[in-house]
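Each of the next two complexes has subunit A plus one other chain: subunit B in the first, subunit C in the second.
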Partner chain A sequence: MEFATNLTFSAFCQQFLVGLSRTTILFIVSSGLSLVLGVLRIPNVAHGSLYMLGAFLAYSIATAFGGGSTGFWLALVLAPLCVALISLVVERGLFCRLYDREHLMLLLFTFAFMLLARDLVKLAWGSDYRSLSAPSMLQGSFSVLGMPFPRYNLFLLIIGPLVALGLWFLTNKTKIGKISRAAAVDREMVAAVGINVSWVFAFVFVIGCFLAGLGGALVAPTQNITQGMDHSLIMEAFLIVIIGGLGNMWGALLGALIFGLTDSLGILVWPQFAIVFPYVAVVIVLIFRPKGLLKATW
Partner chain B sequence: MSDNSTHWKWIAAALGSIVLFFCLPFVLSRFYIYFAALILVTGLLATSLNMVLGFGGMYQFHHAVFYGIGAYTLALTITKTNLPPIVGYLLGPVVASVLAVLMGLVCVRLSKLYFGMLQLSLGSLVWALVFRWYSFTGGDDGIHGIPLPSIVSSITGSYYVTAIVTGLALLVMFMIINSPFGRIFQAIRDNPERSEGIGVNVTRHQLVGQAIAGFFAGVAGVLFVTVEGSVFPDLLFWTLSLEILIMCLLGGWFTFLGPMLGAAIMVTLRTVVGVYTEYWTLVLAIVLMFLIFFLPQGVLGYIIETVRPHPARGQREER
Partner chain C sequence: MKKLSWVVLCAVLIAGLAMTGTYVQAADPIKIGIVDSYSGPPSTYTNDVRDGFKLAVDKINAKGGVLGRQITFITRDDKFKVDLGLSAAKELIMREKVDLLVGTINSAVALAVSDLAKKEKIPFLVTYSKSANITGAKGHPYVFSMNENTEMVGKGAAAALAKLPYVNYWIAGDDYEYGHAIAEGVWSNLKKLKPDVKLLGESWWKVGEPDFTPYITSILAAKPDAVIVATGGAGCVPFLKAAKATGFNERVPFFMHTATELSTLRPLGQEAPEGVMGTANYYFYYPDTPENKAFAEEFKKAYGRQPSFGSVIGWFTADFIAKAYEKAGKVDPEKFAQALSGLTIDSPIGKLTVRAVDNQVVLPLFMGKTKKAPDSDFLIATDIVTIPGEQTMPSAEDIKKAREK
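Up next, the complex of A and B:
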C-alpha cells in the first residue's frame, strides 16, 4: 500500500515534468501564433506548417554538418532563421497585399499556404519518418524520485523561460516592440504618426514564424519528424492562444501550462481519453471566460 | 433573386437539371455515378455551411462536426441498435441540429472571429471524443461495411436517393433564404447592431440559423453514409471544415448555388489531379491563392457579375 502511493506520487512527478517540457514547446509555438494573431489579427493556419518546416530543416542542417553536437547547435540556430526568411518572402511577396481584405480571405490564404507547405515538404523530404538525435551532452537521463527524466527535457525547461524573457524584453523594452503593441491596439493611429505599419506587421509576422521554426527545431530530438506534425499542433496552439487571451504572451504561457499539464496528467487518470482532457479544460475556460483568461489585445 | 420575367427561366433550368440528374445513371459508368453522388453530398454540405456563412455572416469554422455527427448517428443506429434504418436517417439530421444549437448557445454571444474559434475548440472536443471512444465509435478506424437498407445498397439506388434528397434540401434552403426569416438573417449579416436596434432578436435568429445549417449538414452526413457505407473521424476533423469553407469561397459565397459549384470543382480537382500526381493539394493551393487574389467573389459570383454588369449588390465590397 505504502509502495503503491509512493509509485503514483513519483509517476505523478514524472508526468508533471514531462508535461512541463511539452508546455515549453507549446508555449514557444503558440506565443508566436499569439503575436501574429494579436497584432495582425490573422489566424495563421500555416503556423503549424512552419513548425514542421523548422523540424525538417533542423534535421537536414544537422545532417549536413555531420549529425554531431555541432550539427545540432547549428541547426537550432539556423533552422528558425531559415523559417523566418521564408516567412519574410511570403509576407512581403503575397500576404501584405491582402491586409485590407476580409479576415476570411486572410485565413484562407494561410490555409492555402499550409497546403502548399505540406506538399513542398513531401516533395523535399519524402514521406518517411525522420529523427534527429540530441547532442551527446543532452543525451541520457538522470533520476527524479527514482524515475528517469531525460536531460533534453531539462534543457527544454531552461529554454522556455529564456524565450519568454526574450519575448517580454522585445515587446516591452524595445522601440519596435512598443510600436507593434501600439499597432495591435490602433493601427490607423500608429500610421498617422508616420510609422510604416506594413513593415511593423512584417516584423511581427517574421518574429512569430521564427518562434514556430524554433519550436519545430527544439521538438525534433524528442519525437519523430513526420508529415502530420503540423495538423495536431496547430489546433493545440490555437486553443492555447484562445484560452490565454489573444495576443497576450503570458496568456500563451498560461494556456500552454493548462494544455500541457492536463494532457500529460490525464494519461495517469484515464489513458484512453487523455487527449480529451485538454479540450475539456479549454471548453470550461471558454464557457466562463469567453475571451480568455488574461486580457486580450483586441 | 428572381423577378417575374426570369421566373420561367428558373423553372425551366430546374426541370432541365431534374431530367439531367435522372438520366445520368443511364449514360455513366459505376465510378462516375459514385462520383456524381459524392459531388452532390459535398455540395449539399457546402451549401448548408453557406446558409450561415454567406447569408448569416457567421464565421462557421467547424461546420464538418455536424456532418460527421449526422453520419455517425446513422452508422451507430444501424450497427448498435435494432431500430429500422429509417430511424437513423431521421435521427442523424436531428442530432446534428441539436448539437448545432447546443454549441451555438455557447458561441453566439461572441463576435465573428471569437465565435469561429470557440466553435473550432468545441468541435475539436467532439472530434477527440469520437477519435478515442473505440468501444462506441470505433475510434480512429471508424465503422466500415455498414449494412444499408436494400434500396440504397446498389450504387444507382444510393445515387437516386442522394440526388432526390439533395434536390429537396436545396429547395427548402432556397425557400428559407427567401422567407421573411431569411431576409432578417441577411439583415443581421449586413448590420447586426442596426437589426438589434429595430427590434430583431439577433441571438435567437442566429441560433435558428445554426439549427437549420446543422440539420442540413446532418442530411449531408447521412447521405455520405448512404454513398460510402462507412464513417471515420476525419469526417469531423477541422481540415474538412476549412475545405468546405474553401468550396463556398471558390464557388461564390454570396450566391446560392456557388458552394455547389465550388464543391464540384474541388471534388473533380481532387479526383482528376489525383490520377496524375499525389501532390494534388499543391495544385489546390495554387488555384486557391490565384482565386484569393483575382476572384475574391468566387467563380459563380464572377460569372453573375460579368453577365449582369449592373452593380446592384453592394454587400460584396464591404469588409
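Up next, the complex of A and C:
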C-alpha cells in the first residue's frame, strides 16, 4: 500500500540515527544477558526484571533529589549500582547454590525470580505510570537535514560506544576479565589452576545485572516506567543474543544493530506492517546461521 | 495454661455472640462480585474504578443501605486474561452467590463474562471496556455498559475534527482491537462529515511499544496536515513523551483520545507536550459544577489523589445499582435488569441515563487541548468543547441491525 512513499534521503538518515540510538539500549541490556549466559550458563529470564528495576530506581532516586538535572545524573549512576548490589545479594544468597544443577532448574529459578520481582515492584511503586524527565540540556531536539532529532537520542549514541569500549577493556585487558573468558570456555580447568571460580561468577553476574540496570536507567526518560516493561524487552534481548551467537558479547552488538535498524527503517519503509521487520530479520539470520552470526561460547 | 485457654474460650464466645448479634439485626447484604484486572499496567484505571465504587458504596451503606440491606462487594483479579476472568465470574456466581457482576477493563473478558451473565441471568455492569460489541452486536437484557465505547468516541471526535481545516491525515495506532476500532470509528465518521479528507498513510505498532520516536519521525517525513493517534492506556504516556522530545506537537497537530485525561497527564508532570488535541469523558476540574467539585473533594479526602474518569465510573455504577434496586423494590436479577434499563440518576457529570434501547449509558465527551497551568503539577485541558452524549450514541436502528447479524 503505502510502500516507501515517504522515503527521502533526509528521512532515511534521520531514521537510521534514531534506530542507532535505540540499538544502544538493546545492546547494553543484551550484552549483559549474553555475558551471564556465556560465562555462567544461566538463561537469566529475570534480566528484564532488573532492567525494569533500574528504571524504577532511577525514577525514585531522581525524584528524591528534586527531579532536576542533578537528580537525573545521580540516578543514572546510582540506579545501576543499586541493581548491581541487589544482584550480588541474590547471586551470593541463591544463585551460587544452583550452578551444579541442570539448565532447566536454573531457568525455572530465574523465571520464579522474575515473577517475584514483578510483584515486589508493584508493592513498592504501585501501579501508576511513572515518568522521568531528561535533564534540561538533553530535552528537545535539534535539526538533522531538516528533520528533528531528539537531543537525548544523541546522548544515547555517545553512551553506547562508551559502554562497548568499557566492556571490551574489562574482558580483554583486565585479569578478572581474562579469567571469566577462560571460565566461559572451560570452568573446570580454571578451577584446577587454583582460581576461585565462584567469585569470578559472582563478578560476571553482577556486571551483567549492572548493564541491565543501566539500560533501565537510560531508557527511563524516553518512555513509560511501568510494570510490563520487563517482558517486552526480555523477548527482544533473547532474540538478539540468539542471532548474535549465545554468550558472545560482540554478537550481542551485531544482533542489536540488526534488530534496532530493521525496526526503525521498517517503520519508514512500510509503516503499516513495520512490526514484522525485525522478526523477519531474525528468521533470515537463523535460516542461514542457525547458531548465530558469531561464534557461540556454548 | 488452663487459665489461658479459658480466657481464649471466653473471647471466642463473646466474639461469636457479637457477630450473631449483628447478623440478627440486618438482613443478608446484597452481594456484588467485581472481576477486573488488578495486576499489571491496567490497574492504573481499575484501582480508580474500585476506589470510586467503594466510596459510593460506603456512603450508601452509611445511609442504611438499599431496601434495608447493606451492600458488600468482593473483587477478583482476572490478570487481563479471558480464561481467568471467566472462571472468576463463575466462581463468584456459583460459590459466592453474588447478586450482580461488575467489571472489567479487558473487552475480551467483558464479552466472555457477558455471555455467562446471559446464560445465568445475572446482571453484569461493564465498567471500563470500550468495545462497541458489548451493548451493540453482542448486547442482551442482562448486560449494561457504564463506559463510552469506541463507536461513541469515533463519532464524537469526528464531529470535533470536521470543524478543523485539516485535509491530509495520517493514522497511527496500537495494532489490536481497541486501536483499530478507535481509528476506524474516527475515520469513517470523519469521511461522512467531511468527504474531502484524505488518508496519506497508516502506521501500526505492537501493544506496549516502548519508544515511539522512530514512528513519529517517519510520520513527519510524510508531512500530513494532522495525525489521528489511536493508542490507549499505557501507550499514551510514552507517545506524548516522544512527541515532546521530537517537537512533534509543534510541527503537526495531532488528535489522541484520552490524551487530556488525568491518567495520561499526571504521570508526565510538566513534561507533557502542549497543544495536543484530546478527548476525555471527565476532568476533575470540568464541568465546573458544585456536584463535580464536591465529588472531587470527597475522593481526594478519601484517597489523597484527584479522581480520574475511572473513579467517576465506579461512583455512578454503585449509584445506578442502588437506585435500580430501589426502583425494582426487591433483590431480583430480572426486576433489577428491567429497572436499570432506562434509569436516570444524578452524577458528578450531570444527569446520566442508561439507554433503554441497548443498556448503554449516555455519556458526554469533552474535547480539549493540553496546556500548562500555573498552579498545577501537570498539564490540564483548556478550550474544552462539550459533545453531548446524544450526538455520539449509535442509533436504535444501527443497534438492531448489529444484533441481527
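The criterion applied here is as follows: the second predicted complex is superposed on the first by the 290 of 298 C-alpha atoms of A that agree within 3 Å, B and C clash if a C-alpha of one lies under 4 Å from a C-alpha of the other, contacts with A are read in each partner's own complex, and residues count from 1 in each chain.
Basically, contacts are C-beta pairs under 8 Å (C-beta built on N, C-alpha and C of every residue); 3 or more make two chains touch, one makes a residue touch a chain.
Predicted, not measured: the structure shown is a model, and the values here were computed from it.
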Touching partner for A:K122 - first (subunit B), second (subunit C), both, neither: both
First, second, both or neither for A:N153, with subunit B first and subunit C second: second
Which of subunit B and subunit C A:L253 touches, first, second, both or neither: neither
First, second, both or neither for A:T226, with subunit B first and subunit C second: second
Touched partner set for A:T8, first subunit B, second subunit C, both or neither: second
First, second, both or neither for A:A58, with subunit B first and subunit C second: neither
Which of subunit B and subunit C A:L26 touches, first, second, both or neither: neither
First (subunit B), second (subunit C), both or neither touched by A:Q272: both
Subunit B versus subunit C as contact partner of A:A79, first or second or both or neither: neither
Dominant contact partner of subunit A by residue count, subunit C or subunit B: C
Subunit A residues contacted in one complex by subunit B, in the other by subunit C: 122, 272-273, 275
Touching residues on subunit A, where the partner in the complex is subunit B: 41, 43, 45, 94, 97-98, 100-105, 108-109, 111-113, 115-116, 118-120, 122-123, 231, 235, 238-239, 242, 272-273, 275-276, 279-280, 282-283, 286-287, 290-291
Residue ranges of subunit B touching subunit A (in the complex, touch as defined): 59, 106, 109-110, 112-114, 117-118, 120-122, 124-125, 128-129, 131-134, 238-239, 242, 245-246, 249, 278-279, 281-282, 284-286, 288-289, 292-293, 296, 319
In the complex, subunit A residues that touch subunit C: 1-2, 5-8, 10-11, 14-15, 18-19, 21-22, 122, 127-131, 133-134, 139-141, 147-153, 219, 221-224, 226-229, 232-233, 263-264, 267-268, 271-275
Touching residues (chain side subunit C, partner subunit A) in the complex: 39-41, 43-44, 47, 172, 175, 200-206, 208-211, 213-215, 217-223, 234, 237-238, 241-242, 244-248, 251, 263, 266-271
